[in-house]
Amino acid sequence: MADLRGVGPGDAGADAVIVTGSRDDRFSRILIITGATLLAVVALAALAAPLLSSWGATEVDPNATLAAPAGAHLLGTDTNGMDVWSRVLHAARLDLGIAVAAVALAVVVGTLLGLVAGYRGGWIDDVLMRVVDIFQAFPTFILALAVAALLGNGTVNLIITIAAVNAPAYARLVRAEVRTQRELPFVDAAVTSGASTTGILWRHLLPNSLTPVRTIAPLNCGWAMLTLAGLSFLGLGVSIPEAEWGAMISLGAPDVVGGRWWTSVPPGLALFVSVLGFSLLGEGLQERANAKRR
Amino acid sequence: ANSGSDSDDSTSGGPTASTLRIAVSSYLSSWDQDFVGFDLTALMMFKNVFPYMIDYGVTTAGDSQILDTQNITPTFAESFEPDAEQKVWTLKLRRGVTFASGNEMTAADVKWSKDRAFAAQANVAGIYRTIGLTEPDQVKVVDDHTVEFHQAFPSALTRQIQAISLYVFDSVEAKKHATADDPWAKEWFAKNAPTGGYYNVARATQGQEIELTANTGYPGPDAPRTPTIRISVVPAASNQRLQLQAGDIDIALGVSQRDIEDLRSTDGVKVISAASNRQVAIQMSVTSAPFDNVDVRKALAYAVPYEQIINNVYGGDARAAKSPVPLDMPGYDESGYPFTHDVDRARAALTAAGRASVESELVFEADNEEQQRIAVQVQSEAAKAGINLKLTPLDPATLGERRTRKNIPLQLTSGQLWVNDVEYMLATSFVEGANLNYSNYTNAEIEQIYEQSHTTVDESARNALWQRVQQILAADVPWVVICQPNFNLPVREAVAGWVQPMDGLARLRYLSRSA
Amino acid sequence: MRILRFVVRRLLQLIPVLLGVVVLTFLIVRVLPGDPVRSILGQNASEADAEAARARFGLDQPLWRQFLDYLGGLVTGDFGTSIQSGGSVGAEMALRIGPTLELVVIAVSIALVVATLLGVWSARRANSVGDHGVRLFALVGNSIPEFWLGLVLVLVGYSMLGWFPAPSGRVDPDTNLTPLTGAGLVDAALTGNGPALASAAAYLALPVLTLVVGVMAPLLRSVRASALEVLNSEAYTAAAAHGLPQRTLLYGYLLRSTLLRLPALAALVFGTAIGSTVLVEYVFSWQGFGQWALRGLLYRDYPVVQASVVVIALCYVLVFLIADVVHAILDPRVRI
Amino acid sequence: MLSIENLSVVIHRAGRQVAALSDVSLTVRPGEVVGLVGESGGGKSMVARAVVGLLPTGAHASGRVRFDDADVLRMDEAALAAHRGRGAAICFQNPRGALSPTRTVGRQLTDRLVTHQDMSAERAREAARELFEAVGIRNPQRRLDAYPHELSGGMAQRVMISLASGCAPGLLIADEPTTGLDVTLTREILRQFRHAADVDGRSVLLISHDLASIAEVCDRVVVLYAGTVVESGPADRVFREPAHPYTRALLRSVPDVGGRPVVATPGAMPLLREAPHQCPFAARCPHADDTCTTSRPLTTPMDTPASGMDTPAADWSLACYHPQTGAITTDEAAPTPTVAPDATESGSAVLEIEDAHVVYRSRFGSGGHHALRGVSLRLGPGETLGVVGESGCGKSTLAKLIMGLVPPSAGTVAVAGQHLVRQPGRRAPRGRVLRRLRTRAQLVFQDPIGSLSPRRTVGDSIAEPLRAAGLPAAQRDARVAAVLDRMELDRSILRRYPHELSGGQAQRIGIARALVGEPDLIVFDEPTSALDVTVQAQILDVIADVTADNDRASVFISHDLATVRGFADRVAVLYLGRVVEEGPVDVVFDTPRHPYTRALLASAPRLGTPPASVAGVELVKDLEETDAATGCALAARCPFATDTCRSEPQDLQSYGASRAACWRVPELPALIGKQADTP
């Protein structure tokens, strides 16, 4: 209905006026497919990393620091003499893993909080939401830095950190959704049918409130990867010599100035491609959801 | 400065030869050295802004000029001499020296400044302790221009220690800002640079930039050569390099090693190189497992790839170290120091310790790229010998705390001793409870030699002691000494007069810049 | 008047949140490993010296005492004394917050304006090549790590093209700008310093661009989606079916309805942008609030960390409040 | 004025195609009101859109839409822009949605005036005020600055009309202008259109699915079925003696206050993918034969005079091989349902409401909305109570109160002797006990699809009450299957999700869910008002069947009296939270006592014969403009209100079999006679 030119001027002779079909669906499908493909490629690379590379992710070639891409090292080596190609591949495991796990954790925690706050209302809602406010008002990076400093740089702690940063958004989202859903007749129907509170929350409100979460989560995964990279750039992410794109970029970025692009451009591209994959997927899903709403 | 090209400096009204532009990596934490302010940028600024009474002279080594650690001469002071017993040192001030406020520098200023340092109980007070100065009463005003320092015991290090501690504040001005709550005007000092040194601070934008102007009233030798120096904070090393290349800065103090390689061949830029006494080492805690076993320590010493580190991390631009005593330090002796990279012997040593493999964490400074690269090389090679290291970068506060707790099994250290003397080295690093003795190392004989050295003034006798020290350390291996990287400083070609500081703190007064 | 009551009520609601932030920060910094005084004392300091330093900063007091003191200070606007510099945290912060806010506010404002223009443009041509192009461009921008983009911009904009000033400082020192607020443009405007104004703007260009690119995508997506929704709404169709002219449709029926959902998102984006400045400031040697706070955290400068978190949280909640007020003004349906 | 010739519209969408209109021809002459009627999805809105050249994306239109000698389908941008609004202006189906939420209604109107009548801004504002007044908006000056959300549905519809007429169009198109409005408002709004035609000389195209309500205002009527015109002709003729079986079916689906029972037509309108080659109604038509299914009947003028008519009507045409004749008679109707035994006095009550009050508290402290004020009701097993009243009078609140979804702020509610929520002086049951108790009373909702959990299968939803009762899975399945059979639904529907259901199916599921636990009481809250006409009739059939069960009581809530008449035993008329009249259904309908009841009955749409006995009462204001007085709540709107009415409330008094709460019951008949004499 978007097009006010639904019926345009036709030539007098023609009986029919044809208007081209909508490309809404097609573009969102292209977005989703492209995004998913990019991610699939990255995931595959992560899985097949040991097969695709002859060097270990943390293996140092003592005779080749900052070696240019050539035979033995497909993408050269970094300042530590580690093989860039192999590290880029292996890093995919950590990056994807942390981002997805962190978002999953954030979704679970945020959803539970939002569900309870939204359904219960009253003082429970007030208290929970103030807590969420506090976490959200906490500057993202400081919160991340604090958790990292508090718990150390381990993978699990990074997951917790990034989840803590993201959970409030989900709590809000789900709460808002639950509050609107709660007023809908199907909830009254469930109550009068004798469903228990947990039953209502679990079987009726949860599945319905997850709709917006589903479209946000992929976008959020991309964002989580960038956060992780940012943390690594500040030296608070994954610690050396573990292969992680952000850390690799940060280690190699100064080399670019000297023309040694291979230390940071490949991990940068890998990160970019993955984030783009998530973004495309998320945008596509959102577009589709919007189209459905229309 | 605003266009990125250096050709139009003169036309754009930018800085001319009278201004020297220096990039540093961070802003100084504070202007108050007594109470706070212990980072390298701060110490460097203090050196050039505070009126120090005495300082090192300059000598040539090879084709570079270096600070002469053997020759400490009065600068703002007229003289600084001991009595026969070497316990009472008399400082004579020059007359007519004024602070920026116009107040004359007098003995009262010296007294107030030292009282303040003792009151602070922080870094200066700590350093004075090594030469037996612990009480304000030990600093006595004789007359308006004479002050006596009464040490508890004589010390061969007095000149050196005073060279890094004997600065004087404008007490008349400072007292105006003192309050009952804040008798030492801490609040004021934190924000306001003391005046009266070689340079005065013309302007300081916190976190960002400091502009220095030469103190024309400086009475001593080696007056400042450049009228204005602009110091800007550029944290990213690659940005410093870019600006140096573009001619927007003259000296880049925070460029990374790999950029230096490139800069050597860049037009308009030269790299000043000099041998340095900065030493890179791994300190092993001899009180915690598994390094409480000397064989394990030896295993690590054999497992470290010395040459590989020199090549990969320093591009070959470092000297191999064969003793915990730095090369160039009087008394250096490498006899009996057996450690070279040898995986077989490392394994053998480990077997001798009855272990097939050991695990440990290797701690280093989080934001220190050089240490991180060394750590990676060490980790990779040590693993081949069965020593599995977990790399643990720590932020400054955590590192500081863990060092106080003395619970770091293995840590990378790098630094240079402010005083180029083995006695000072022992005092700071190898005697029981010494502050840099992160190894928690103790050895009765070394303690005894250290005691003995206080009163041993004869050069050859001292050298004999030092030889013994090195033998003991070679046998006990509390440290794995990795190497001594050379000093490299990329500057614009127009920059002249760099004097290599043995304490790592640039003396800006020697620098000049041709148009 | 209603708006005023609403604002007051919201401000009151902020109190528990800010109090929570204060408590949480206070506890977190103290639970963090690391000793705040060791790094100011020098290598030769003894345990007694450290104790003395702790006493100087009140760190020897029991925790509740420290907290009460801190709270008392906060109420009177005293953020304490920085352990690292020995100076007043409030004064230091005043110098640091200006530039960062200037950066973020300008970046977010530009992003908002551009997102609105592009988003509406895009929606009106929904599914055309131009529309897809704009969206893809925003997505790509959104997928580049900010610090990486910053480095590239420095390399290209400064080093290769020489169009922008060196990534060092915020204004050419030769313009002799008197700092008042710390925000270059504002100071230059206040002091009527023309060259400084130009210089500050030139220094702002690249960091602002970096931030804008980073935050653009979500804003654009939101504007486009709302605009599409409005364009597809019965209300808009009705107006169009009644033959209203394009101008009236655009300004009277499309724009305001489209912007309804933007304030909340803008506030969120503002928060993200404040977070991102830590990285952007590093890359452009901007030396603002982010770097200051980060340094405070690395050295466990308790008062600095506390103050910076509280102030950021305050900014954040205020921005949300502003967003709510703007939303209330834009949307007549909001009951306040 | 408007002449549509062979208009076909096919909509192409990814993966589907809809033939929305096929060969539609119709004309609207100047000053004429033409009704366009038919079921939902019949293509009524599509016709309207075609007239203003606003077809949806992907639409492929052929044929001609002539408007004053120009073809709308072939207009260029400029011509279209000139045509829209000034040529033809639409009043949209959903006025709330069609008003821009962020612009004051005054601005929206002046926008139109400035654009189409070349007025200056001040002049336009003045004119806007006059227009508002003209469509019956009180206090127009103030309303100019109102935002759409501040308006009630009726008010919004008036604004919408003013917007359309503000464009000064030659043709005014009203797309379902009365959907969702009460009976009282509907009449009032429809009159506005008659007025536009009679006074302003506009042509009006009035679209509705509700034949009864527009019957009296139209000159001619066009009946649309599945995108085709099945019958068109003079309104009085077509409604009296519809010739097309579909028109007849449609008319029979409409409940009538007169008591004529509703007859449901089985099946649903087909969704056509392309222009039909057969009679689209054939599948549902009782008269269909092979001809009907092999070729599509052409639209032909009625040449045979209809029964009882002397002359063939001008432009009465239809597309049917088997035209019917004669008025709709009850012969075609199913037998009236059996009347349930009157159980009020005997036995225990299933539902007992004792002086219940419900106050919705506002979120912050004071105030609140007093939605029910002292309602007492008692219902025995097997009995069916109808509850009627205008929108907002508290019907749904009553339903929620019965179901224990809102607690009474005073008074008591008991279902089968049990109290579900905390009530003054009693302990509320909790946990499993409560959950079981809840299943004793079941609710059937107004919004059939919305009351099913969107992400649970239909089977899951139906079984919910059984799960609460703790039945094992096998028994659950058996009970569900049984109730499905009763609802005449296929088992395959169990695995579907709500959005895959039609409204009628969903409401059957809703009733199935209510029935499956064999509750003591079922409450129907406007169960048919969201449904399509013919589907409504089907569902009313089902409900009639369900309420006939003798072991269960029912409450049937509706805003429409006619709907209740068919199967309620007793009826209660609710006004602003109070029961104003109550009694056996026939008594209340045939001899209403309360002026409000009379007003409701009078405005109820009526086909065919006008009401015999009851003279109507016209209420003077809209519901939303009345403020609660201390006395009778209706006082402000009642044309007969006295000072007593305004100051003292009257309780329900018995008048024969029924009870009413009005001071002036005895004098009313006389008063009404007088009112009728002096209009």
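As written, the chains take the letters A, B, C and D, and residue 1 is the first residue of each chain.
By our rule, contacts are C-beta pairs under 8 Å (C-beta built on N, C-alpha and C of every residue); 3 or more make two chains touch, one makes a residue touch a chain.
Quantities reported herein were computed from a predicted structural model and do not represent experimental measurements.
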| Which of A-B and B-C has more C-beta pairs touching across its chains | B-C
| query | For chain A and chain B, what's the span in angstrom between their mean Cα positions? | reply | 46
| query | Measuring from the mean C-alpha position of chain B to the mean C-alpha position of chain C, what distance in angstrom results? | reply | 38
| query | Where the CA atoms of chain A average out and where those of chain C average out, how many Å apart are those spots? | reply | 22
| note | Whole-angstrom distance, CA centroid of chain A to CA centroid of chain D, is 47
| query | If you look at chain D, which of its residues touch at least two other chains? | reply | 54
| request: Send over the residues of chain B in touch with two or more other chains. | output: 236, 238, 242, 366-367, 395, 398
| request: Would you pick out the residues of chain C that each touch at least 2 other chains? | output: 32-34, 151, 155, 159, 237, 240, 282
| request: Go ahead and list every pair of chains that touch. | output: A-B, A-C, A-D, B-C, C-D
| Quick one: in the complex, what on chain A touches chain C? | 1-2, 4, 22-24, 27, 130-131, 133-134, 136-142, 145-146, 149-150, 169, 219, 222, 226, 229-230, 233-234, 246, 249-250, 253, 256-257, 264, 268, 271-272, 275-276, 279-280, 283, 286, 290, 293-294
| message | Going by the contact rule set out above, which residues of chain A touch chain B in the complex? | response | 58-60, 62, 65-66, 79-82, 149, 153, 235, 239-241, 253-259
| task | Give every residue of chain B touching chain C within the complex, in rising order. | result | 1-5, 13-15, 23, 26-27, 29-30, 32, 35-38, 121-127, 129-130, 186-187, 189-191, 203, 205-209, 211, 230, 232-236, 238-239, 242-243, 245-246, 248-249, 366-367, 395-398, 400-404, 428, 435-436
| query | Within the complex, which stretch of chain C touches chain D? | reply | 233-245, 248, 252-253, 256-257, 260, 330-333
| field | Touching residues (chain side chain A, partner chain D) in the complex | value | 1-10, 12, 15-22, 25-26, 184-186, 188-196, 199, 203-204, 207-208
